[in-house]
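Two complexes, one shared chain (subunit A), two partners (subunit B, subunit C).
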Partner chain A sequence: MRRYAFFPGCFIQVRQPHLEALSRRILGELGVELVDVEGFTCCPEAVTLSVDKMSWRVMAARNLSLAEELGLDILTLCNGCLYTLRTVNQELKGDEELRGRVNDALSVIDREFRGLIRVRHFAEILIEDLERMKAHVERPLEGLRIACHTGCHILSPPEVMGFDDPYDPVILDELVEALGAEAVDYDLKTLCCGWTLSTYGSREASERLLASKLNSMRRGGATAIAVICPQCFHQFDVGQASAARRLGIEYRLPVFYYLELLALAMGFSLDEVGYRYHRVRSGEVEEALEVIG
Partner chain B sequence: MRSSHPLRARPIVIGVAEACLRCGVCCAVETHFCHVQFEEEFDERYTYVYHCLSTPDPASNQGIWLCTACHKCEEVCPYETSPLRFIEAAKAEAYKRGLAPRLLTGIIAQITSTGYLFPITPSTVRRRAELGLKPLTTEAAEELRQIALKTGLTEPRGEP
Partner chain C sequence: MIVDVEEIDSRFLRRLKSEFDESYLSCFQCGVCSASCPVIEIEGRFNPRRLVKMARLGFKDRVLSSEYIWLCSMCLLCEERCPQGVRIPEVMTALRNLAVEEGYIPEPMRRIQRLLVESGRLYPIDDFTAEERAERGLPEVEAEPEFVKRLAG
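Then we have the complex of A and B:
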């Protein structure tokens, strides 16, 4: 059993708790023990806290120190949390002077960053032990054609994130194909999901972006989307539903968080993986899953 | 004074705006480009990066808040320029001067008062209970509040 300090991230905890519940169950079945850590807070989110990098580092270092106390690596479900925690972990491990300043600030709460652990994303754990995961596939997802969207913050900067090629990411495709589904290629694969446009920009721009991306996925032959980040999930689900309504176009490309696909391949029903919480559903995908049985 | 706070020292972004040759590559490369280009005001000739780097007072340019720190611009720039570093420095300056959007300052207040980026709503509480998940607690936010006091994060901003 591999043990990790479990860091679901606040987006999932607050807005998509069904993904937290499913992750606990699925990763447990795969022999990954998720240890709850009292006191974890928002990672904190890098785009917001970029206005004050020192506060960002100190708050992230506080989370890291909690996992260090338990002697456990962190396992997260979110690209954004990975970006913050891995970046700060690496910066502080490599810069004594910066670590000193951060620890000075942490001393007000009697904590210290020591640089003892690693920060992992669930997709890394799965790809590193692909055979173990494949052994749990009972119902290969044959007939599903999936457009993979890896997301920005797990890819870049590659010298820190070290997950996949930011220009041509393929690891999520490999994970999808390991479930028996087909990963389709499409030309706008590395285009961002547009989260900040829908938050700080214009709704029209966010919808134009989504329309381009979804059309590109459709041209590639996709019937569904796979993601490994809750914010990307939200964009392709809630964002797609709202873009479709306002633009009068039905893309009908349901998005699945990768662990939902894995659960389906392990024999779970659509209802058990939380499909009822999705805004975008598709008869095509539902039928394909019925045929698989 | 905020500027003399020991934790305030930050690297100075030297010459990013000058180093950029306005070639447009970071925003116009066909498949690996800045997503902010989808805003109507930008095209291949007047790019988002150009917009951020050419405003006389970058901190007062509301466009800086559209950057999501995806790093694509610095990855594709043939001249090793990093618009992202420039934009992040402009955001920091804007925050100090009280020019950050209310949405952002609200999110920071939310994080330092609850520990979460998003408000815990009755629907969150209900859904977590339905799913058999533990209720979310906010006690740890006290430590974030103490950190924010030490680093000066939540000090009142200069200008409105």
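Then we have the complex of A and C:
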């Protein structure tokens, strides 16, 4: 199926409209049809489950029911949205008692979760049809050495997420290499980016965690980072700038949302992919792209 | 850790069992979770093994009032590695939910909740962003989803 109920997620919609616009354009060029659904709310993000897990489920189930009504699978741009929607979808499909309780809550707005659809992440769609994507690569990104950060919430638990091995994730590396770039290996590959910690735990702690990660990527010889989640993106971009200031170290590792890299490989310029909106930029990356032309 | 039996509240254990799968209490304190935890590296006082033990013992007040239950970054690495199949992040979530019920809620979480009640969005949309979205031809974002406001309230 190449037609999806599009779930951009509220973070990308509000904080990174340029990524949303680019994602729509690139997925469109690959023949993926994105249907906008009126009434989608926040997935909701996992921090809300800290306060009340039941409301988290009800909100997610309401979103799922909207896509069910259209008979479309959901396509997300975000690991967090994927985690919430896929977890709740599976939980409610398999637990009648829980589904009953959630549907009771939904009945006040005349909605019902029925368990009819699947929830997908754009990276899954791409890897499943790698040849189709490769056919669009016009400018292989030779010379870019990229550290891949898959992100925690698309990996665990694998029996629900089913994307990649949480101990040794390689799918994103495969996607990056399909663009002609080099995916570098590094020791702290499965370490969390620290984003969630920065939102309610401790920003300072989150930056120290990020610093370990960035150091490891540097040791691996990376000149840039690839992610498939807007919040990991934010942490590696804005978080990196802030960590660099606080800790007095310049990492200079620009992060790219995977679809930005794909756009570059399809021939888009740095300007067209929105590189000017990145907080962390580096001459090294700009030069590598200039050499490719 | 000194165990003061007067601190134990057996009702708390019963409550926990209703919050998640009972097998999550089968922790045998091997410490793989703490050894795997990236947060410990940067905040040595955070210790998931210890929190699970305290919960298991029924130290209701001590656990629920602990600021450390809020430090888990939900990276799920411990859950991946636990040989007993204990989903520690789910234990943390249950502890947080119960802490909120008891009125222990850290200020950042309180702000997040207030945001949801007031605007129905974790990331409220301002005029500047709404304008940028329009310029890029992106669909309008519902400013204040009523259902979310009601649910959060």
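Everything below uses one rule, namely that the second predicted complex is superposed on the first by the 290 of 293 C-alpha atoms of A that agree within 3 Å, B and C clash if a C-alpha of one lies under 4 Å from a C-alpha of the other, contacts with A are read in each partner's own complex, and residues count from 1 in each chain.
Keep this in mind: a residue touches a chain if its C-beta (ideal position, glycine included) is under 8 Å from a C-beta of that chain, and two chains touch if they have at least 3 such contacts.
Model, not experiment: these values are computed from the prediction.
Annotation for the three-chain superposition on subunit A: subunit B and subunit C clash.
When the two structures are aligned on the shared chain, A:M266 is found in touch with neither subunit B nor subunit C. By the touch criterion stated above, A:R101 is placed in contact with subunit B alone, subunit C being left untouched.
After overlaying the two complexes on the shared chain, residue contacts for A:K189 are found with subunit B alone; subunit C is out of touch.
Of the two partner chains placed by superposition, A:V255 touches none, neither subunit B nor subunit C. In the superposition on chain A, subunit A positions 10-11, 13-15, 17-18, 20-21, 36, 39, 41-42, 44-53, 55, 58-59, 62, 105, 109, 152-153, 156-157, 166-167, 190-192, 194, 196-197, 199-202, 205-206, 208-209, 212 are in contact with subunit B in one complex as well as with subunit C in the other.
If you check the complex, the residues on subunit A that touch subunit B are 10-11, 13-15, 17-18, 20-21, 36, 38-42, 44-55, 58-59, 62, 83, 101, 104-106, 108-109, 111, 152-153, 156-157, 166-167, 187-192, 194-197, 199-202, 204-206, 208-209, 212. Interface residues of subunit C facing subunit A in the complex, by the touch rule stated above, are 38-39, 41-43, 70-77, 79-80, 87, 93-94, 96-97, 100, 105-106, 108-109, 112-113, 116, 120-125, 129, 132-133, 136-139, 141-142, 145, 147-148, 151-152. Chain contact summary for the complex, subunit B toward subunit A: residues 6-8, 10, 30-33, 35-36, 38-40, 65-72, 74-75, 88, 91-92, 94-95, 100-101, 103-104, 107-108, 111, 115-121, 124, 127-128, 131-134, 136, 139-141, 143-144, 146-153. Residues of subunit A touching subunit C in their complex: 10-11, 13-15, 17-18, 20-21, 24, 36, 39, 41-42, 44-53, 55, 58-59, 62, 105, 109, 152-153, 155-158, 166-167, 190-192, 194, 196-197, 199-202, 205-206, 208-209, 212.
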